[in-house]
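Each chain carries a letter (A, B, C and D) given by its place in the written order, and its residues are counted from 1.
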Amino acid sequence: MNEMLERGKRALAAQPFSVLIDAALVAYEPGRAEIHIPITAKLKQQHGFVHGGVVSYAADNTLTFAGGTVLGSGGVVTSEYKINYVRPATGDLLIARATVIYGGKTQAVCRCDVFAKTGSEERLCATAQGTITKMSGASEPAS
Amino acid sequence: MNEMLERGKRALAAQPFSVLIDAALVAYEPGRAEIHIPITAKLKQQHGFVHGGVVSYAADNTLTFAGGTVLGSGGVVTSEYKINYVRPATGDLLIARATVIYGGKTQAVCRCDVFAKTGSEERLCATAQGTITKMSGASEPAS
Amino acid sequence: MNEMLERGKRALAAQPFSVLIDAALVAYEPGRAEIHIPITAKLKQQHGFVHGGVVSYAADNTLTFAGGTVLGSGGVVTSEYKINYVRPATGDLLIARATVIYGGKTQAVCRCDVFAKTGSEERLCATAQGTITKMSGASEPAS
Amino acid sequence: MNEMLERGKRALAAQPFSVLIDAALVAYEPGRAEIHIPITAKLKQQHGFVHGGVVSYAADNTLTFAGGTVLGSGGVVTSEYKINYVRPATGDLLIARATVIYGGKTQAVCRCDVFAKTGSEERLCATAQGTITKMSGASEPAS
């Protein structure tokens, strides 16, 4: 595994909430990040779908990591984002893929699509857009 | 406790993810809802602040419940929302308070402020705005 | 008229597009701003309502001015915002009122409600939330 | 010119505000729309850039038209959208390109990128995401 992805994985593993949710960083390279979350019972709402809060977490955190890939070695946070839910998330795996649309010196604007995968089929569940901001003194995406 | 709040509490208790996060509905009345989440280690990121995903969950779910108070007896979902994080959330308790800005027949536009409480002091951490949509066939806020 | 409002009015008058739209700044004081736009034929869409683009302009620009009241003497711009349209805007006057929710050193998070006034009755048409950012070297809200 | 684009052009020409801004619909086909606006003095703010309100108008209206291409023959409106400004818009021509991300029966979620073109070079100025909703009884995008 490359060194950049290793660093990203360590940052994610240092977030107790990301561990609670079983999130895994599977891509972390200049301009993009991808997080996977196995769909398990604890992440659902009362109708058996993945809770919107989990989908939001996935979008938010993946946006942060994507922004982190272009904002240099300092830590980053999501300043704001917006999400549209388009389908209930159901299946085996939640996949969030974020890309950088614009990267400045201190802020990046990123997009993230969240898919639910059942077998080999992926369906779009939500799409998000937000601003990631560089912090001073930190070292990896913080959320 | 009033009957409406009882119903809301049952809806929240039926969401495994809300149980995982220890969310409690403390107000659920026409035009507003309030959810509390004790700030514990499992909900944090690597710098000791509440993870943004938890703050998002709080905003999203409280928006949904607020919308649910005016959209009739059918179930509701959050269609979309936007959140601005303004301060790291740290302290004892996360408090999300949502109100209905506009309630139509099938959609409501709501706002939510999220505070972190330390002792008796509350500080604004995030503010959100979104659209809640009525579903057909369900019975309580679903998220 | 106070000196701060005078300065704000000059900034607005220096924007050709605001002049084209007949926008008037009627309040500009620490933490809030208000812009009025007479509803005339040129600002409408095909069904006789005020065009969404005008409502957006009103929200955007009033957010900028509100942020400008707390971000010091440097110029400011809207970095991003979100708007929900809740009713068609029709009547005599469009009124946008923005307040600062959070003011930091370089950014402010603001909200704006846009009303359409017919006679003495105001009806909410849209509500917005966004981030205003301080620029270096400029002197008044720029949009 | 194809018949669909003709219809779209007539809808845009029926909006006095779009005429005031000199907006032209140049693409209107299933899943996407594109609007061009010549950058002229009347559309600027005090520093010589295109006013944010014009950029917002371009994003909003192009989102509406894009949504209209997939929501059937009834009229559509933008229910809500969010925009991030990433660079000042300057040059000869403002170009807004919107695509449908998700199309349902009554709502579509769309994205729009807004570029400023100088000579043959296009630069991204803003990016937006929003919800377009079908109305009953109308016939073309209304904004």
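Miscellaneous remarks
We adopt the following convention: contacts are C-beta pairs under 8 Å (C-beta built on N, C-alpha and C of every residue); 3 or more make two chains touch, one makes a residue touch a chain.
Because the structure is predicted, anything quoted here is derived from the model rather than measured.
Set side by side, C-D and B-C show the greater C-beta contact count at C-D.
Both copies, subunit A and subunit C, contribute mostly matching positions to the interface they share, with over half of the numbers common to the two. Each chain gets a centre from the mean of its Cα atoms; the one farthest from the centre of subunit B is D. Work out the mean CA point of subunit C and of subunit D, and you get 21 Å between them.
Measuring from the averaged C-alpha position of subunit A to that of subunit C gives a distance of 33 Å.
Centre-to-centre spacing of subunit B and subunit C amounts to 29 Å, using the average Cα coordinate of each chain. Contact with two or more other chains is made by residues 79-80, 82, 84, 109, 131 of subunit B. Within the complex formed with subunit D, the subunit C residues making contact are 11, 14-18, 20-21, 41-47, 49, 51-54, 56-57, 60-61, 64, 77-85, 138, 140, 142-143. By the touch criterion given at the top, residues 82, 84, 86-87, 101-102, 104, 109, 111, 124, 127, 129-131 of subunit D touch subunit A in their complex. Those residues of subunit B that touch subunit D in the shared complex are 79-80, 82, 107, 109, 131.
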